[in-house]
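Across the two complexes that follow, chain A remains constant while its partner is chain B and subsequently chain C.
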Partner chain A sequence: MDVLSNGAVTTVSNFVFPNDLHVHWSMMIVLYPYITGIVAGAFIVSSLYHVFNIKALKPVSRFSLLFALAFLACATLPLLVHLGHPERSMNMMITPSPSSAMAGFGYIYALYGIVLVLEILFIYRPKLVQLQAGSAGWMQKIYTLLSFGSDNVTPESLALDKKIIKFLAAIGIPMACLLHGYVGFIFGGVKANPTWSTPLMPVIFLLSACVSGISGIILLYILTKKYRRESLNLECIKTCFNYLAGFFIIDFTFEMLEVFSHSYLRSGYHHMVEGLLNGPLYISFWVAQVFMFSVVPLFLFGWLCLTRVKDRLYILGTMVTSGLLLLQVLYMRWNVVIGGQLMSKSARGYTEFHPQWFHKEGIITAIILMSLPFIVLFFLGKIFPFWLEESE
Partner chain B sequence: MHIQSVRRYLLQSNHNSHVKRIIVGLLVLAVFGFASKLIFAPATFGDLGHYRAKAILEEANLEPRLMTNESCLTCHQHEKRKHLKGTHKTVSCEFCHGAYFDHILDDKKIGTLDVKKGEEIRVLCLRCHNKEIQARPTDKIKTVALPQHLEEKRVRTTHTCDQCHYVHAPLEYVNLAKKMMRIKDEPEKEPCP
Partner chain C sequence: MGENSQTLDKERRDFIKKVLKGTIGGSLLLVIPAGLRSGIEVPVQIPGIRDQEYDLNKKRFAFVVDITSCIGCGSCCVADKREYKVPDYHYRTWVERYLKDFDDKIYVDSPNGGLDGYQEPRKDLDKEIRDTFFVPKLCNMCNDPPCVQVCPVGATFRSPDGFVLVDEKHCVGCAYCIQACPYSVRFLNPVTHSADKCTWCYHRVRKGLLPACVNVCPTGARKFGDVNDKESEVSKILSGPGVFTVLRKAMGTSPSLHYMGARREVI
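Then we have the complex of A and B:
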């Protein structure tokens, strides 16, 4: 009765079933795929180095894992805030069950978390051993624990580590894909919602995950390096940016393919989806997601990747493009999650959604939730140095 | 002395001792996970299925929010006289006004309910009576198109519905007017307030 009683009902159009009036899955459910997407995308960056040997990505290979871990630690939180019990956000790992697609996520989430942590420990081991020797007191205890009390960094030992790292990174890739493909699947599997139920949904989610993850890493890499007044590795940024361009082009193609093929086929319920995209979602879909945050970045990609640009301008350009793409993905999640619920099952009317500032799932909560991963990352950075030194 | 040597043995590191320790660590984690499941999973979790069995009981015992029209009419005598005789007799008061328990607790008024005025009334009526709703059989809940409906009656299109239709018995004044003007309904139409 929310919408009814505050008089906002004027923009509710045509016939909306009473149980469709209220958008139940609101901003928290937008953040959830956004955060898991960043996890999966960041992991892919480090895998490009560790599995596919893209040497240029070495400077960000360690950082991207920590970045993924920080976001993974907060991934389930928005869901559980939505359910009203944020304190239970880790419970899904101890009560997984194959009986439901939602509870099944517990397996994927827990396993992925273990793989990620192990990979970080193995990759950082030589560094941890070195730090352990150079520190004292509490920090030394932490480092001893994290290096499992072993200070053996003989070539034999490192060779073994290398094999294990490769193995972990290799199984990490399908798991990262599963992690986020699953999130797309949860939406794609909702048969009753014509904007969600498409087998393309997991693919689109996965690709946009890569886009947001890589953008996030580029942006944070440049920002932290600038902040510490350290030199940037341009080669690394260029490689990241080219990968970003590749992933984004495919991602955007699929997003548009979904819209235009339904539009051409006039498939069932297309009239509803069309009305949705051209009506309530006009600004957030066509203007924001498609034009401002997709078409504009495409031109920026063309300019930055295909022409010779001065280094400073290039770096500025990558920052702007990455920022725009982070917003693109956020808008895409918004348009999918909230947009999809604006259509009534009557197939004859649209409801509306007003974000509130101080609601349990309001804008303030969203901002707090989005800053949590960065706080976690900050503390992780106190233990695991993000960046390689010249000698490494 | 003895403990010292055990410690030294444990902390001695071969090229793969950290791997062994990590495996032990994972086993510990598994045990820890299992233990925390026993501790943290809610008491009745899993009794009936993959959920908290007690949740059913809790849901069933939730305080109701809505009541029947009958319950409203015990206090609202005026509406009782009108509503029950009108064409809206089957329509829930709460659809237009909001939930009973936002209004009444233990037979006492605890809150004001929503009362739509003017422009809002039009929106309210059109939620059910809009011609756009094509899913309806035409003779059940009759629908009107705007502004045609108002144009037909030769009034300004800014007229709100309640200027002619009394909200609790929409045809009461319409029929009254018809009687005064001696307008006869088509034979199959039964006059009803």
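Then we have the complex of A and C:
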């Protein structure tokens, strides 16, 4: 796009530093925070039940953990595809540089993975014991392994489990926040990029993580239940949706605060950022992220949360809103990661990014990587039943 | 007639003999050039390094670019590309052309990083130009380098003598350093898949030679030396009364690359 022609930045001769023409962090680095965000958000839903005792969320409390695990299992894949030397990726764990924000990723990711898996195993333990007794062959071996070979489901044993679960869920909350707030800090800590270097970045990332996680849970809960022709727990959906509204309002407020405060302060780079948002990012930021996927959902929230709506319409409305918000977060990641790099450090121009279908980090790879968590989730569902039965 | 043809034959034979001698002699020189050339070395360009113990902590190198001297010939870029076989469309150093019109508007370009030299005036501007100058760019060798700070594996590091270098065999190719560099001097090398950038020709410096770009600059716009050596040109310039600036001072990176005569418009 010709920056001069839209008149946003008149002092720019559209000069891009020769090494800035290429966008180094492309779609894989858009997917990475998107996936970890869904992990953190889904975990928060589960913790609302397990730690804060929000009983209405019980039907999705187990599923949300499996949902988080499926996405966590795939979170490193976009990074590995992106690395110039994926075979050296373990250098991050072996020779971490303490001064680097990125060096902590391997440890935080691994620790969070351990906590998540342990929590799932403890929550499912009585169910696993029951399944182990009722299965044979390989499946029985798997269930024996997953229940640590213990079939003790006495009330005392379960009471101890409950304490352990509460502990794991409680330390899981700061860890989920750390996992994703930290991803935001990877961007927020780059002083060379004025669109990234803001202390609000981790906060925005964390809030948008909650939005994408809760949206994903609502959408998948309704879809799988509809597919299986099982009844939906409307109270659970309503609670999830109200939380989603709360998180999204704060998230969107911070996103806009970042833009408007810079615009009002008129500091050194505001012309460049303004030119970026009104120029190359006009469609993906103002039209898509802000209007279609933020303002429209806000009206939907107002309609669905504040007025009386028929149940069928309410469920349809929540699905549409959740879908729009999943796209909102994806666009937000795109606009931050790729949008931020379109602005050359010359402060005099913008480069372009055109996604390619068959590139190593192209659209096909992105589609495959985004499908993988659902395949993992499908297989997890073969071992761990997603939904609670009436008796549980 | 007979005498003449005999003389001609003799001349021919002599000529062929000379050609053969020359060919054999020349071929032998090609086969054993080292033996004949031993003892000849490229003259020292930076004193106090060659054949001496190198103490990393006693040297502190600095680079000075004199913008008023640069003529935009692109020789530095060519020398650099040849020194390192820099892949096309990636730049360890480049030269920018700045134009200023009578409304104080600045127009900058750097086609192919200035590799071809600025042999023609810029034709795409319909403005009367008041002033023009060239700005060579290279690694700033920061004393507080953000690239070193963000490298997750410690593959990029700063040596005590003032060089920020990359261990291309340890680099994972995450490109975080590329994002962190405020000067955009880094790139991911498409051949090695590791981060790459200007090294101020560290391999040459350790042999007492100037960086390749400094060596070829016809106007002395690029100057390099040890600040701790009070006799070096760079040390004298930097301790003199000239006006110097560093790029993007507000970034707090404290570069060792200094610019002489840089206008405030230079970023």
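Convention: the second predicted complex is superposed on the first by the 363 of 392 C-alpha atoms of A that agree within 3 Å, B and C clash if a C-alpha of one lies under 4 Å from a C-alpha of the other, contacts with A are read in each partner's own complex, and residues count from 1 in each chain.
In the analysis below, a residue touches a chain if its C-beta (ideal position, glycine included) is under 8 Å from a C-beta of that chain, and two chains touch if they have at least 3 such contacts.
It should be emphasised that the depicted structure is a prediction, and the values quoted were computed from it without experimental measurement.
When the two structures are aligned on the shared chain, A:160 is found in touch with chain B, with no touch to chain C. In the superposition on chain A, A:345 contacts chain C only, with no contact to chain B. In the superposition on chain A, A:298 contacts neither chain B nor chain C.
Touch criterion not met for A:142: it reaches neither chain B nor chain C. Contacts of A:85 after superposition: chain C is touched, whereas chain B is not reached. By the touch criterion defined above, A:151 reaches chain B but does not reach chain C. Look at A:25: by the touch rule set out above, it reaches chain C but stays clear of chain B. Using the contact criterion defined above for the overlaid structures, shared-chain residue A:105 touches chain C, although it does not reach chain B. In the superposition on chain A, A:97 makes contact with both chain B and chain C. Counting contacts as defined above, chain A residues 15, 91, 95, 97, 99-100, 103, 346, 348 meet chain B in one complex and chain C in the other.
Within the complex formed with chain C, the residues of chain A that make contact are 11, 13, 15, 17-22, 24-25, 79, 82-86, 88-89, 91-92, 95-97, 99-103, 105, 186, 189-193, 341, 344-348.
Chain contact summary for the complex, chain B toward chain A: residues 10-11, 13-19, 21-22, 25-26, 29, 33, 36-37, 40-41, 45, 49-50, 98-99, 114, 120, 123-124, 127, 130, 132-135. The part of chain C that touches chain A in the complex is made up of residues 89-91, 94, 96, 105-110, 112-113, 137, 146, 148-155, 170-176, 178-188, 193-195, 251-252, 267.
Chain contact summary for the complex, chain A toward chain B: residues 1, 4-5, 7, 9-10, 14-15, 91, 93-95, 97, 99-100, 103, 110, 114, 118, 121, 125, 147-152, 154, 156-157, 160, 164, 346, 348-349.
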